[in-house]
Amino acid sequence: MSDLRLAWRKGLNVVMLTLTGVAAFAVVAVLFLILGYLIWNGGKSLNWDFFTKLPKPVGETGGGMANAIVGSLKLLFLAAVIGLPVGLMAGVYLAEFGGKTFSFVTRYTTDLLNGVPSIVMGIFAYALVVLPVKHFSTLAGGVALAIMVVPVTVRSTEEFLRAVPASMREGSMALGASKWRTIARVVIPAASGGIITGMLLALARVAGETAPLLFTAFSNRYWSEGWSQPIASLPVMIYTYAIAPYEDWHRQAWAAGLVLLALVLLANLGCRLVLNRRGNYRSV
Amino acid sequence: MATSATAMDRAAPPESGLRAFVHRWRNGDEVAHVITLVFAAGILLITSLLVYELWINSSLSRSKFGLMFFWTRVWDPVAGDFGALPFIYGTLVTSVVALVIAVPLGLAAAIFLAELAPRTLSDAIAFLIDLLAAVPSVIYGLLGIFIVVPLMRRVIGPALKSTLGFLPVFKGPNYGVGFLTAGIVLAIMVVPFIISVSREVLLTVPREQREAALGIGATRWEATWQVVVPWARTGIMGSVFLALARALGETMAVTMVIGNDPKIVTSLFAPGYTIAAVIANEFTEATGNLYLNALIELGLVLFLMTFILNGLARLLIVATERGGGHPA
Amino acid sequence: MKKIWITALFLFGLSALAGAKPGTVLLNAAGATFPYPIYSKWFDVYHSAHPNVQINYQSIGSGGGIRQLQAGTVDFGASDGPMTDEQLAQSKVKILHFPTVLGAVVPTYNISGVGGDLNFTQKALAGIYLGQITKWNDPEIAKANPGVKLPGDDIVVVHRSDGSGTSYIFTDFLSKISPEWKSKVGTNTSVNWPVGLGGKGNEGVTGLVKETPDAIGYIELIYAIQNKIPYGKVQNAAGKFLKADLAGVTAAASGAVKDMPADFRVSITNSPGPASYPISSFTWLLIPAQIPDAAKKSAVTDFLKWMLTDGQNYNESLSYAKLPAPVIAKEQKAIALIQ
């Protein structure tokens, strides 16, 4: 009897452990499938026109997404200029100056902000930036994305600042530097690798966001000039083209998807490799 | 800071009043403190403003429908009658389907990575899985429309119907789009989170636990399943909550494959609607303030749901990391 | 680090000053997907002729057009469902309706083995969309199509998920032919559909029908033609089955031309007459009666004048009918109402 039971246990052992291996490789296989499908379909559709031309009238083939590519870059620029300094400064506060309760409240609120669904961010930016001035604008889209950039930046800045050894701080202070000089000239530069990669990851994350742009930046068939006009962006174009029936638009949606994914993955790959080498890797 | 007597200790007696105030401003530390404090407070300000805007801009709908809003099945823009139930239902169903698929898959993969795989392979795979987490939602939607929907229609749907077709959840016509398709796409999107967090949590389980189990004759699997995983279970629960929170708020991928029909049906093949999807579809065209307020109230509901879940998730993950997750 | 921030801020400030090139007039518009193909063609051609005028039109559905116009976030809107009296009353500025083209809504379907020209009686369409007729080989459909092999599959009904003028036209037609529809569901850009999947925009419905076997949907004629999908004949008030075409739509409008109201809001669905295509409609541009910005105002009035003359020449190639001459004349006079 006990032999049978032992055989059962051993058999179960092998089966379950194999299943876990299968699960892991299944998940990885999905990743490669996604990449492969996008590269195949998107690669077929990429051509010089895609990067240089404006969209054509509905139903006509050809044209490109030049304005959407530039649009996404402009929106990212705004998100960076508005959101990154806020994140950086708040991160410095939490790591270097924070009082106990206020820090706790700030951290909790930052996490809360991080968990807000992006569509709700869109509503917020609409109420805040679009309604008062009565038009959709690049600025509104940029603000929505900037708010989303802040929490990730705060967390990663705080983490990497904390990781700087106390000895560096104390050494600097022992030489007579004031606290703020220490932070500015010693601590931040020491943590700069991690901080910058954290910022890049935050930007890579918002680069692919669509929902907050639907009713803030809206979209534009032409080049958008200045900051107060609606603007086209890659994610919104992908969405619009994917749900339409025109084959040519589907082709362009794949191409745009490939470009977007390439940007996001390259940024992530680069950042994580850098972080790994420094040994400061922490996920989520 | 130094406590022994130094040149600093022999400084002048503490200043008071206006002089002190002005001198503090010349001290860079105070300035830096205040500036960074302002930015940190700015985050609190933004978040409060967010909640405030959601609250204020949904006032018409809140006062008209009150708590019945959560119980009404009707979504009728013509008659001006709005209810959140179909969307809450859709949001919950798609998320539950996603978890039912993603949790076993994710946990199994995490176990493999934490317990069985050699460290380098484990790190490499974990790295790749983190890349999956970075893929934008609209790209999942793109793949959903052109791969998952036809697959559902031609392969998965018929297969399920022929084997499990007697279950009420698998009855009804199969369109390709619907709750099940949305659930599958969501599952792919949240699996990386479950794997990533669970793996980390499993890695923190002390070696002694495993060795003790193996020492008394357990197989690898028994040691893992009956000792290691329970030890880490609060953290794993946390990862599930995190994944759930992400699934609830997901907009684009779901909108593209769910069928956009605000109905409550048992069949998983039927089209449905989620809170995020209806806001994305109808926000720009909500004619009339009541309609817009109702949509924003839905946004408020979603915000609260994700708020509570994220809070719970953080608590659970922190509890594991601090106390070793020993069952309370 | 500092240098990067300073340069970034500098560039930002610089580009903020850049703004639009002087003399460029940027008009933002949004609304109906029904006429989107002809509008995007028009705006493109107009832009080539007048390079300093850019009209950015986003097809988000008629409901969206009306809403954004009311909110003041666009310069003008477009809708195939005329604004109701309540909506007009809600608007701070008076809104003028300008018909642009005549179009047709067609029932498109995806049934394997069945090509174009399926006949739909009025009862059949109402029954399908009420959810009462559920299979393709239902007698109501079969009796109008002797000799056609209809499968016993379930009908997959597709409607609009967004606020849609095309929905308005279709539900207007259904309300006229089916008292049950009128009382249960009604006419509007966004209704409580008894059954079906929702697609976003004419584009979304076309896409869904194209990809889903046994589906039926209602879309503007040009979407069926451009995507090469079959569409059926509809029974008109006189009992004849007509396929949508320019002649049928023009015939449907001819009756209304004589009694065209001053604000151009009129319904021409289910028009009497043997040659009238029953699901026809005007579609309108919604222009505010007061446009404070002088450059924008002249761009809008110029475009309208162009639209009523040269623009009409593009209609037929995209399967929209031209506006009847008396209507054009009336509109040209109405342009003067824009202050």
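The letters A, B and C name the chains in turn, as written, and every chain counts its residues from 1.
Just so it is clear, contacts are C-beta pairs under 8 Å (C-beta built on N, C-alpha and C of every residue); 3 or more make two chains touch, one makes a residue touch a chain.
Since the structure is predicted, the reported quantities are computational estimates derived from the model, not experimental observations.
A.B. asks: Report the chain whose mean Cα position is at the greatest distance from that of chain B.
C.D. replies: Of all the other chains, the one whose centre lies farthest from chain B is C.
A.B. asks: Looking across all chain pairs, point out the one with the most C-beta pairs in contact.
C.D. replies: A-B
A.B. asks: Would you kindly tell me how far, in whole Å, the mean C-alpha position of chain C lies from that of chain A?
C.D. replies: 37
A.B. asks: What whole-number Å value describes the gap between the mean CA coordinates of chain B and chain C?
C.D. replies: The computed centroid separation for chain B versus chain C comes out at 39 Å.
A.B. asks: Report the inter-centroid distance (CA atoms only) between chain A and chain B in whole Å.
C.D. replies: Centre-to-centre distance between chain A and chain B: 16 Å.
A.B. asks: Going by the touch rule set out above, which residues of chain B reach two or more other chains?
C.D. replies: Each of 284 in chain B touches at least two other chains.
A.B. asks: Residues touching two or more other chains, restricted to chain A: which are they?
C.D. replies: Each of 85, 243 in chain A touches at least two other chains.
A.B. asks: Hey, what residues on chain C touch two or more of the other chains?
C.D. replies: 30, 199-200
A.B. asks: Over in the complex, which chain C residues touch chain A? Could you list them?
C.D. replies: Chain C reaches chain A through residues 1, 5, 8-9, 12, 15-16, 18-21, 24, 26, 28, 30, 36-37, 40-41, 43-44, 47, 54, 56-59, 71-74, 199-201, 203-204, 206-207, 210, 222-223, 226-227, 318.
A.B. asks: Which residues of chain B touch chain C once you look at their complex with the stated criterion?
C.D. replies: So the residues of chain B in touch with chain C come to 74-79, 149-150, 153, 173, 175-177, 259-261, 271, 273, 281-282, 284-288.
A.B. asks: Spell out the residues on chain A that touch chain B in their complex, using ranges where they run on.
C.D. replies: Contact set of chain A toward chain B: 9-10, 12-13, 16-17, 19-24, 26-28, 30-31, 34, 37-38, 85-86, 89-90, 92-94, 96-98, 102, 105-106, 109-120, 122-124, 126-128, 147, 150-151, 154, 173, 178-181, 183-184, 204-205, 207-211, 214-215, 235, 238-239, 242-243, 250, 253-254, 257, 260-261, 264-265, 268-269, 272, 276, 283-284.
A.B. asks: Using the touch definition up top, name the residues of chain A that touch chain C in the complex.
C.D. replies: Against chain C, chain A makes touches at 56-59, 77, 80-81, 85, 130-131, 134-136, 188-189, 192, 218-222, 225-230, 243-246.
A.B. asks: Applying the document's contact rule, which stretches of chain C touch chain B when the two form their complex?
C.D. replies: 30, 60-68, 70, 87, 90, 154, 156, 161-163, 186, 188-193, 196-200, 208, 211-213
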